[in-house]
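Going in written order, the chains are labelled A, B, C, D, E and F, and every chain counts its residues from 1.
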Amino acid sequence: MSDAFFHPVSGMELPRFAGVPSFMRLPQVPLDDPRCDAVQVGIIGVPWDSGTTNRPGPRHGPRQLRDMSTMIRAENGATGVRPFEMVNCADLGDVGPNPADIIDSMSRITAFFEQVIAKDIMPLTAGGDHLSSLPILRALGAKAPLGMIHFDSHTDLFHSYFGGTMYTHGTPFRRAVEEGLLDPKRIVQIGIRGTAYDSEDIDFAKSTGIRIIRIEEFFDRGVADVMAEAREIVGDGDTYVSYDIDFVDPTFAPGTGTPEVGGPNSFQALQVVRELEGVNIIGADLVEVSPPFDASGGTAFLGVSIMFELLCVMARRIAT
Amino acid sequence: MSDAFFHPVSGMELPRFAGVPSFMRLPQVPLDDPRCDAVQVGIIGVPWDSGTTNRPGPRHGPRQLRDMSTMIRAENGATGVRPFEMVNCADLGDVGPNPADIIDSMSRITAFFEQVIAKDIMPLTAGGDHLSSLPILRALGAKAPLGMIHFDSHTDLFHSYFGGTMYTHGTPFRRAVEEGLLDPKRIVQIGIRGTAYDSEDIDFAKSTGIRIIRIEEFFDRGVADVMAEAREIVGDGDTYVSYDIDFVDPTFAPGTGTPEVGGPNSFQALQVVRELEGVNIIGADLVEVSPPFDASGGTAFLGVSIMFELLCVMARRIAT
Amino acid sequence: MSDAFFHPVSGMELPRFAGVPSFMRLPQVPLDDPRCDAVQVGIIGVPWDSGTTNRPGPRHGPRQLRDMSTMIRAENGATGVRPFEMVNCADLGDVGPNPADIIDSMSRITAFFEQVIAKDIMPLTAGGDHLSSLPILRALGAKAPLGMIHFDSHTDLFHSYFGGTMYTHGTPFRRAVEEGLLDPKRIVQIGIRGTAYDSEDIDFAKSTGIRIIRIEEFFDRGVADVMAEAREIVGDGDTYVSYDIDFVDPTFAPGTGTPEVGGPNSFQALQVVRELEGVNIIGADLVEVSPPFDASGGTAFLGVSIMFELLCVMARRIAT
Amino acid sequence: MSDAFFHPVSGMELPRFAGVPSFMRLPQVPLDDPRCDAVQVGIIGVPWDSGTTNRPGPRHGPRQLRDMSTMIRAENGATGVRPFEMVNCADLGDVGPNPADIIDSMSRITAFFEQVIAKDIMPLTAGGDHLSSLPILRALGAKAPLGMIHFDSHTDLFHSYFGGTMYTHGTPFRRAVEEGLLDPKRIVQIGIRGTAYDSEDIDFAKSTGIRIIRIEEFFDRGVADVMAEAREIVGDGDTYVSYDIDFVDPTFAPGTGTPEVGGPNSFQALQVVRELEGVNIIGADLVEVSPPFDASGGTAFLGVSIMFELLCVMARRIAT
Amino acid sequence: MSDAFFHPVSGMELPRFAGVPSFMRLPQVPLDDPRCDAVQVGIIGVPWDSGTTNRPGPRHGPRQLRDMSTMIRAENGATGVRPFEMVNCADLGDVGPNPADIIDSMSRITAFFEQVIAKDIMPLTAGGDHLSSLPILRALGAKAPLGMIHFDSHTDLFHSYFGGTMYTHGTPFRRAVEEGLLDPKRIVQIGIRGTAYDSEDIDFAKSTGIRIIRIEEFFDRGVADVMAEAREIVGDGDTYVSYDIDFVDPTFAPGTGTPEVGGPNSFQALQVVRELEGVNIIGADLVEVSPPFDASGGTAFLGVSIMFELLCVMARRIAT
Amino acid sequence: MSDAFFHPVSGMELPRFAGVPSFMRLPQVPLDDPRCDAVQVGIIGVPWDSGTTNRPGPRHGPRQLRDMSTMIRAENGATGVRPFEMVNCADLGDVGPNPADIIDSMSRITAFFEQVIAKDIMPLTAGGDHLSSLPILRALGAKAPLGMIHFDSHTDLFHSYFGGTMYTHGTPFRRAVEEGLLDPKRIVQIGIRGTAYDSEDIDFAKSTGIRIIRIEEFFDRGVADVMAEAREIVGDGDTYVSYDIDFVDPTFAPGTGTPEVGGPNSFQALQVVRELEGVNIIGADLVEVSPPFDASGGTAFLGVSIMFELLCVMARRIAT
């Protein structure tokens, strides 16, 4: 049972359009606040997109996600889970990046998440572009390689860009595997599609044992079957979940920089998360929401709906 | 066979972008016009959203619905129905609300619909937020409680808001049941989903016998099966159909104030109406279209497409 | 004093967002309606843009202008004129064009305006692209050449386009002068600016006596001085006023197909019309409002504000 | 000299797009927080628009204003004032309205501002529609009638709407004068323009001594001259400043519900506030910012720029 | 194996947002360029919409399609096809239409495509409204009638519009059959839906042997089954593929002039093209993309994704 | 007299919405094309924004500027200059940046401009964020320090950001002065305004002799007077012109990342360039156009209108 301090403000008290928008109307608890020690799930923004090779914008993601998140209520209608009553949740604020220095930014992010782990807080992150996941994994996967369930239309397994640039939003998981942060045999990538430069990423996946489930297979087999395999791949070990909003069809999620047509709809976007039940999740992120490409906020609303589903899975794992 | 006066202007004569936009290019016939006595189906706007607890806008719904409705032609391609030739249809204009007084507005709406019924006109209403349905039902359900097929992502069965406010767009059907306008045993609510404050509304439904079909069940069983049950629930008695545009997934219908992700697509949005064939429909509404959240009018175009399907069902019931 | 039948619906009775949107909430009186004989100023839509050589859209102009016109009230705050009480005004509807046949469309428009004149109604037209003015002038200028005060960023005096096409929105006034509908010595064009293909239009103006006041001269001399000259040029004779919305700076009026930066602001856009007081105006148009390039309607609202100022000038001329 | 606790986060530390958006990146200090006692200027949101008779939306104003306010830096470049170093400023949060009950909402607002005054905090409010000013004035003007400098395109002095409704955004200052909260002889209204229903408001102004400076006079005389008269009218007494964003031309501020074309530009919008230097200001508001009509936030950015200018004037009056 | 000159610029060399946007970053090779003789597939723009009877805009289609096409990479992830390495592809530029003369424009288009065929280049066209297909077919079908697989929500088989106008975007295939350019027994139309004026088009189809597969049948049978029938209908003979973007549901493709709700999603939009494998395709078009109704470019991105799938099918037929 | 090869395609031949959009419809001549030797003014895109500390987007600037530039015609209506007939102009394409490596990108840009200068081509650059100017100046100012006329709302003279990052869009001219590329005594910055962090930049300007003309002074003195001083400051020496689109008021130019309200209007935006006549201009740039913040392209159209005015000044200087 959670502490009432960590309960969100109800829309029945303060209408949902009112108030300073923290994530899901949770209390804002910076890392140096003494109350932070009681937090069990921390929602964190990483407003950063310097690794973007195409259309930028995810640095604005956390703010729009917070804004739309005030429409989230207390209970998951589909599963009945009431996460805020099960565990102490809080908005830990944003990691301050250096938009003009990639290396410096990665250090700042890793340092922040090291503190989060040190306090035994499970992090749920709102990116940022997908390079954000690398410095997070440097904190979370420091002790032992993690498994990963990865929803995306791209593998993000490329070696480098533009003649040798190693850190972009197309390379984080190549680096993470190379750095021993992820165990490739316990990685599954779901939803891959679109045109490709070449198959260098696929070759890397094959050679290391990463399982790729393309969108055609996803639609053929259905959510339940695919997710059963995903759960089997990661097994009982510690597992990270990385959710790129471009996994979803760009009509449902136009606010992203590198869309690929022909993806899942919004119901499937939620279903795959509900099917994470039972996974030994130790952290998750939702990345690549780019408000400049969806000023109306529909993508962000879908994004926070996905984050809420992730939170329900995390709360259940902690509480049980 | 309908009177030619009541036929819409053809796009072959006057291009569809031309002309003052009445609903479906029908003649405008105010209640005090003598021709009104010949009207069989009246399309009515209720430009009102004072009951909105979240993001307002449906007061602009009727105008944008009229605008987009000029793209509707004479024949339902799927069913072959040509409603304007079967019954006399007309645009009865808008009920003038008082945007700064909820009680006054409800009185005005009820008074308008009492006149409509007195003239034996079957009303097809374009809202307005969902509180609009209550004053309409006060006219239509005055003699005996009605059955209702209700498409929505919310139950709108709450007791009150903000510490006791009884009239909001989240409470109309609670009031309608309490006032004896609807027979709860003949109510079915389809498409319910999203996060919830609590289960007060669900408890009320259970205790009174209202049948709720959540979206997960809807997708599992399919349109035909769900609608067969819906027809069974309402039976042969007089039945009202209330269609909240937020029943549809917000990607297909972004122009609404309280969206919930993971809903039906546009084809299913039409299918459910076609499956109303055989229901003893005595009136219908399409509510919660909010143009400020979809300036391009896509939501309104879907809305009038739904209204046209409703009209076809209504015309067929009158004509047979 | 006008007949109360011709008074607009007040926003105090029916809120301005409600009701089927006729121009300025006036009664809709088609040409074949007997009440049309009492009309003194008729507002007419010409939803047509087949003469557009660049970006199309003005065919949607009349509808959006009607929509935004419901925000216009009864009195001109600046001049105190209450036009609807001075003369009988009505919305005469749209001329139905043939979007795929320029010659046919021009015939339809001229025929419509011949009827308008026959009924002694002064026309205030909402275009349509600027080619609309030519078939109108064929009706209005049939007996004797008219003077014209023309607000625009282009002269629309070109001979032909694309290797000999004579009817486009860049040629109407060349044709009108050639056809003897306008007296070039009584034409003044105000606001001309932007880049040019060549000076063929300017040469024509010079050789025929058309006075061009470029935007630099307009800003140097100021509204009052320029308009005094304009009044002098047209003198006491019958004068048409043609107002292309691209006269105004595109920041104030983005919804148009061929914008030119560096134009007047919205206050000056109204001032020039107020300075028409005393001109023997016999008709006017406001053209080139293109809703697809300004979905929000700001351009149309400025457009109807200009139309209201024109109406005030027309009403005063009729009433005095 | 202010307490460092009350200094905004610098964009050099945390980029301006990062972090939970409080007003001008100030600390969030609720009324029941002990630190609130040290606050000298409190910025407060009133997310409420139930008094809107036309197009709603200002309930979303405070959130968008907070969002855009993170682009405001520490120093006023034009005047050199650094307000956050002069006085303790804080974001006091939003007053929670009841969107479905006008009377209840007004009580809540007045109660909130009574507490603000009791703590000797000078309030700078972000509306909300213009009815918001009435419950604020009920707190601020409770002891003695205030003077008021009012920037607007409307007088908001009407008696009632829709057949007797007394509380709308068109009536607040009529009520405030009737209730003795404002001294009509010390009220000046600047920027009035647009079409009018009738002159009932102007008549009231004349009969009570309220000075109205229409936009034509404003442009003729210029900012400095007009503002000199304004300062003279309010004299040395306690003075409230109410700034309706529709004072500014709608091209510069499209995000508002009842625009009137032909208003001041953005530079003049700031200049008028700088000319408040020397006025005995005791509170101010910026109202009618309606995000649904300007999703891009340009209106809100102008709005917070105006609020920052107001803050500079308030800080200087407190500090000197 | 293709000539390296005809390879697109890689995004790894020049980021995808950089460079002058030719179709799929291919070299621009005008018809009079000697290198044109080596081209095997030519991508051609027809920026023309004068045949549009409803909402115009497709004249802007080719430019926005080129813009979004720079996000297309070298390999089809689903099928493994790398078209640019199989055949020489080039951007042949736009056919210059005469926006104010339909007959002249059709002559220009036919003349252009006659040259294309004379050089033995297979054309892949980006429209333009659907009337564009007629002058193209006049070149391609000059020798013998072609078969056609036609994806659309409309049949475009009407006789005439507006009292006898023969050339509009609703009549091209009626004309093409009449002129002997298409063999009606080898035409299949897929996706037809929406409201209809009358059944004149359907009657023509029936009487000539054109097969219409309505959307209800499409959803019932599924993509594979429907496309198997389509392949059987066209058989081994030369076949043209015409793809109207309004085949796709308007939520996925809002940027079009005459949308009909209830269509296929983006995955199905691609699937139907992949199922063209084996068809003796001799040319294809993608028409009716209208940027003014989708400024964000999502429709165009879906459009070029469809064009890329078409290109893969064409490349495979040429290469094998 | 220029070579006809370098003349833009006329809109009378190919409508302005047609064709692949090069800058001002000029021929595309890459640096390695032999025709490049004849080019006198080269228009170059620098699609790069990695130095942006706030809202990114200018990497998309060159493409949207090219798109809107097809509306530019042959002659400057205000000055009569026909630049394309005076000097050989061409679109030299884009410099390919490395979006994930600032240092690498700067090297690429400098290398490109060194080639441009080596061919004696005067460069007119479309950015890109303002950091783009630094690597350009490293090429242009390599031999001797240049004078600079700089239009902007910010000085861009800061030392560093985020704790020591030296290369951002807020530091280029500090670096350029330090590196001896610019002579501070021959720098004038016009239009400076908005809030400030501190006065570190102003102090640097004062200490080195850079002249800052704030917006208040600009409005007080007027364009002609200010520009006379600017011409005097730079004198006869080689002078670079750097034009940040945020010099213009954000209502006229919303598509930019760091707007400041209260700036010049669009007419003044052009006037200041016309007043450069007589300056010994050796290159110019127009930077910070950010399409994601102005999807409609109005900012870009103003931007290319400014570029055309710059081109006229450059052509005149070369030709005389």
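Definition applied: contacts are C-beta pairs under 8 Å (C-beta built on N, C-alpha and C of every residue); 3 or more make two chains touch, one makes a residue touch a chain.
Keep in mind that this is a model prediction, so the values were computed, not measured.
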Revision key, fill the gap. Intersection of contact sets, chain A vs chain D, gives B, F
Point to revise | Graph separation of chain C and chain E (steps between touching chains) | key: 1
Review point. So chain B and chain D: same face meeting same face, with over half the numbers shared, or different?
Key: same
Study note, to complete from the structure: Between chain A and chain B, the Cα-mean centres are separated in Å by 39
Review point. When the C-alpha atoms of chain A and chain C are each averaged to a single point, how far apart are the two points in Å?
Key: 55
Study note, to complete from the structure: chain D touches at least 2 other chains through residues 13, 15, 17, 53, 55, 59-60, 99, 161-163, 251, 265, 293, 296
**Study point:** Complete list of chain pairs which touch one another
**Key:** A-B, A-D, A-E, A-F, B-C, B-D, B-E, C-D, C-E, C-F, D-F, E-F
Exercise for review: Sort out for me which residues of chain F touch chain C in the complex.
Suggested key: 10-13, 15-17, 71-78, 251-252, 265-267, 269-270, 296, 298, 301-302, 305, 308
Check your understanding: Quick one: in the complex, what on chain C touches chain B?
Key -> 13-15, 17-22, 28, 45, 47, 59-60, 62-63, 66-67, 91, 93-94, 96-97, 99, 295-296
Study note, to complete from the structure: Given the complex, residues on chain A that touch chain F span 49-53, 55-57, 59-60, 98-102, 104, 161-163, 165, 167-168, 292-293
Check your understanding: Considering the complex alone, what residue numbers of chain E touch chain B?
Key -> 53-55, 161-163, 192-199, 214-216, 219, 249-251, 254, 258-259, 261-263, 265, 293-294
